[in-house]
């Protein structure tokens, strides 16, 4: 869309909420392109994602957004607007394996997701060549042992300077410090190589093998201070059989990981996710 | 829901359509329980399914429904209302195999779908015992050779007398006459034992075997005069392997068939489908 | 097959093992119908399932089976033979919900699996009518509170008297005593309503909802003294979305449960499983 | 494996065939690593893939292979041996889109399949840069209009000179001439962007959209002179919904295409496929 807005909103469920939101848009001659709504019956809470074509809007975007405040307050709503089109500035953190990184680069080039990868940051140099071939700055940051805390400070500095809105952990093999998780709450996404909550932590494919499960999986989730326990955005599973070794699971798992991560990021970047406590509401695309 | 309405509506896409529909509901103190909307960009056409809690409605249901006419006309809309709760009167047509029938009976008993099975009609008697055990009238109607036309007349008479709203072909092995298709356009659902449009017509599992496909499937679709070519409501697929014989495909296919049929009927009965030419828009549940 | 044998065998991997087994069969004019083999590289252990047509066997079945002993010993093998055709005597334990029971009855009637259901045993009477309609003895056994131990004794007595080879827990809501688990080690199968090892224990759908997973699942496994931790035979998963309530998960989960249980039992009954520590090797069918 | 053989064999089903093959291997002190067997009951034909560790083989590989001839003849068998390890020389033909090419390059680098890509051949130059970055020779060959026949001659010349064993059509948008199909019968693999046999020919995603199917798919198959009708090696499907436009199907389809192609090539290159008339028997990995 050449000129538009995405509104994400949540508020207590109440009569007339759709009419009020749609009415505000209609009153200013905005056109609803997509209206996705969900009401949580347990919590009596309303969630919506609204895509608005602003081509014929009678006021400018800022006036429209500011004018929504009165309605937002009366609904006791949490809401955000994002102007279309946009590229979300994104930093990708990696260690050794490159399949998730490769996939994100490829999808970005194809225009599958509106992101601008401002930098690729690695605590190993294995992915440096890929970054360079793609023409994206690569920062090698040592994080082993005592260098960890200083490393995260550097990462924080880089992401701040670049105005990064989204941090992607593309098989980044470090446990994130709490202060970093807090700084990127709701905008840091990890791919875990298991079907969470099964096999939290290290070596999930070995554990899956030993437990003899019939499907392996991967989980794309928001990062919180709680290891592998943040809101789940997307998952993918793959059928396995008794003759698959741990090495086979790693191989088959790569496809799950890159798929789940790409789909999850796409949902986030298109503003199709709303975090509600430890759940992620995801309006499908 | 104890007292409510489902509105299904389609109309040319136009500014303010959501606001107007939601506004009408809100103006009469109806509460939106679910608002599903889809805009077809190719056709510039708007489709929606709206579930309304009428508990606090300020007018009675008929007044509300009648009052919508002015808005409906101004939007140039096709629309229907259905009052909640309801049981959709349904006739199930069968021949020999019983797996789809069994599944529908079981799901109906569990309350998975709001239907009342008024009769089971067979051109063979194989399913008679099942019908009787379930306490549902069974009509055996001979349809072989020259008796076919008279048989369909009888079926038509039964369904009319019972006020049947939905006819389900649960592996009913007869080609439907055009006049019958016309009479139940949009309210007759078939399960075809292939992943349409592959393997139209007879013996799809044999054909799938010979073509050595890696997935078999089943397709739940509205019946039109065009064999196996009506709007698709639901499909299901199942992985197969080289060692599966035609008999294995029949066995594995049964699970696809009953699953696809049950899901498709559930969508239809919950008024989650809108037919648009040869496409079925299906708001998921 | 009208006259045949299934051999299941495991032994240390060693040169010539396939040649020796196939040679023994060939030497007695048996015909290999299916030869499934798997070598565990980590353990250096060989596993096979061999289906033999005995139509032209030059000796009688017992002589053939007894004669295998010398080879079995020289291979240091664990092995079993089963004569074809057969019906495996099976007891099904239930509580309230009937979907798994219904599915097993239906598949048995269709001839999908060679079992004879000798009795249905319930600690509630909800499934009594289904049992009676199917013409299978139903035993109501009280197991609440202090009656539990005596109840299991009764079950044990029934299954012994009937020569039961397989005990199926078809949503049987009781924790099995250790002695009962020991008595039916390798021949008692449970369906757990989650994708194990996620959500062990009670209320898995509620837990899955709160964890906001994107797939739910069901797990068919051998019962050991360790709750929900025995060797996994089969699993099934189903995609879910944010708008699915716990009640929806229960509904969607039913389909996973009955599918995973039926497939798992079919594998066991066709002698397609070999338990190896806590893994179940499952030769697909 | 450092030193081994893969035997693929098919012959009329006959008593003792497994014993004879395994016996020949055992007699020469070869060790069976994997023995996959399938008997087609309709055709009474036996198929097998046998992986042999030749570490302790008492004769050299050529002697072993030549010595098998007597047994092969007595079994009336078609068979091939391949020496391990190996890299299969492969040419990839492309037009504009690069997702399948990218995926194959990536998987080759990771060691997921034992191929050596000797050249990338395009009738457009869109993929030239990718080839160059990967360090693989790129041949641009004009094929429009009258240049088509000469173009295929050139391709044939290149593949001959390079000793290419496998030709991959990675979304190569040209209909292959019959003589080229004949030259690479059984060793030319195409990816078709639909779930064959549905939507043969051009624009399958548009057709799938108009038919309103609920799954799209991709099909990896051997190329024969009959358009999109050769033996199917692998397929992949992806769930779609009513709100997906043709453009969305193209996007979602890319993931199906690259997955099905990669899996199919992996099966072929690991000698896990046996073509039998128009079926491909595929021993899973």
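Of note:
Order as written gives the chain letters A, B, C and D; numbering starts at 1 within each chain.
Definition applied: a residue touches a chain if its C-beta (ideal position, glycine included) is under 8 Å from a C-beta of that chain, and two chains touch if they have at least 3 such contacts.
Quick caveat: nothing in here was measured; it's all calculated off a predicted structure.
Steps from subunit B to subunit C, minimised over paths through touching chains, total 1. Taking the CA centroid of subunit B as reference, the farthest chain centroid is that of D.
For the self-contact between subunit A and subunit D, the two sides draw on mostly identical residue numbers; the shared fraction is above half.
The interface holding more C-beta pairs in contact, when A-C is weighed against A-B, is A-C. For the pair subunit A and subunit C, the distance between mean C-alpha positions equals 41 Å.
The distance from the centre of subunit A to the centre of subunit B, each centre being the mean of the chain's C-alpha atoms, comes to 37 Å.
In subunit C, the residues that touch at least two other chains are 241, 284.
The residues of subunit B lying in touch with subunit C in their complex are 99, 102, 106, 110, 112, 133, 241, 248, 251, 254-255, 259, 284-285. Here subunit A touches subunit B in the complex through residues 15-20, 22-23, 25-27, 29-37, 39, 56, 239, going by the rule given at the top.
Across the complex, subunit C is touched by residues 38, 41-42, 195-199, 210-215, 217, 231-232, 234-235, 237, 241-243, 245, 278-284 of subunit A.
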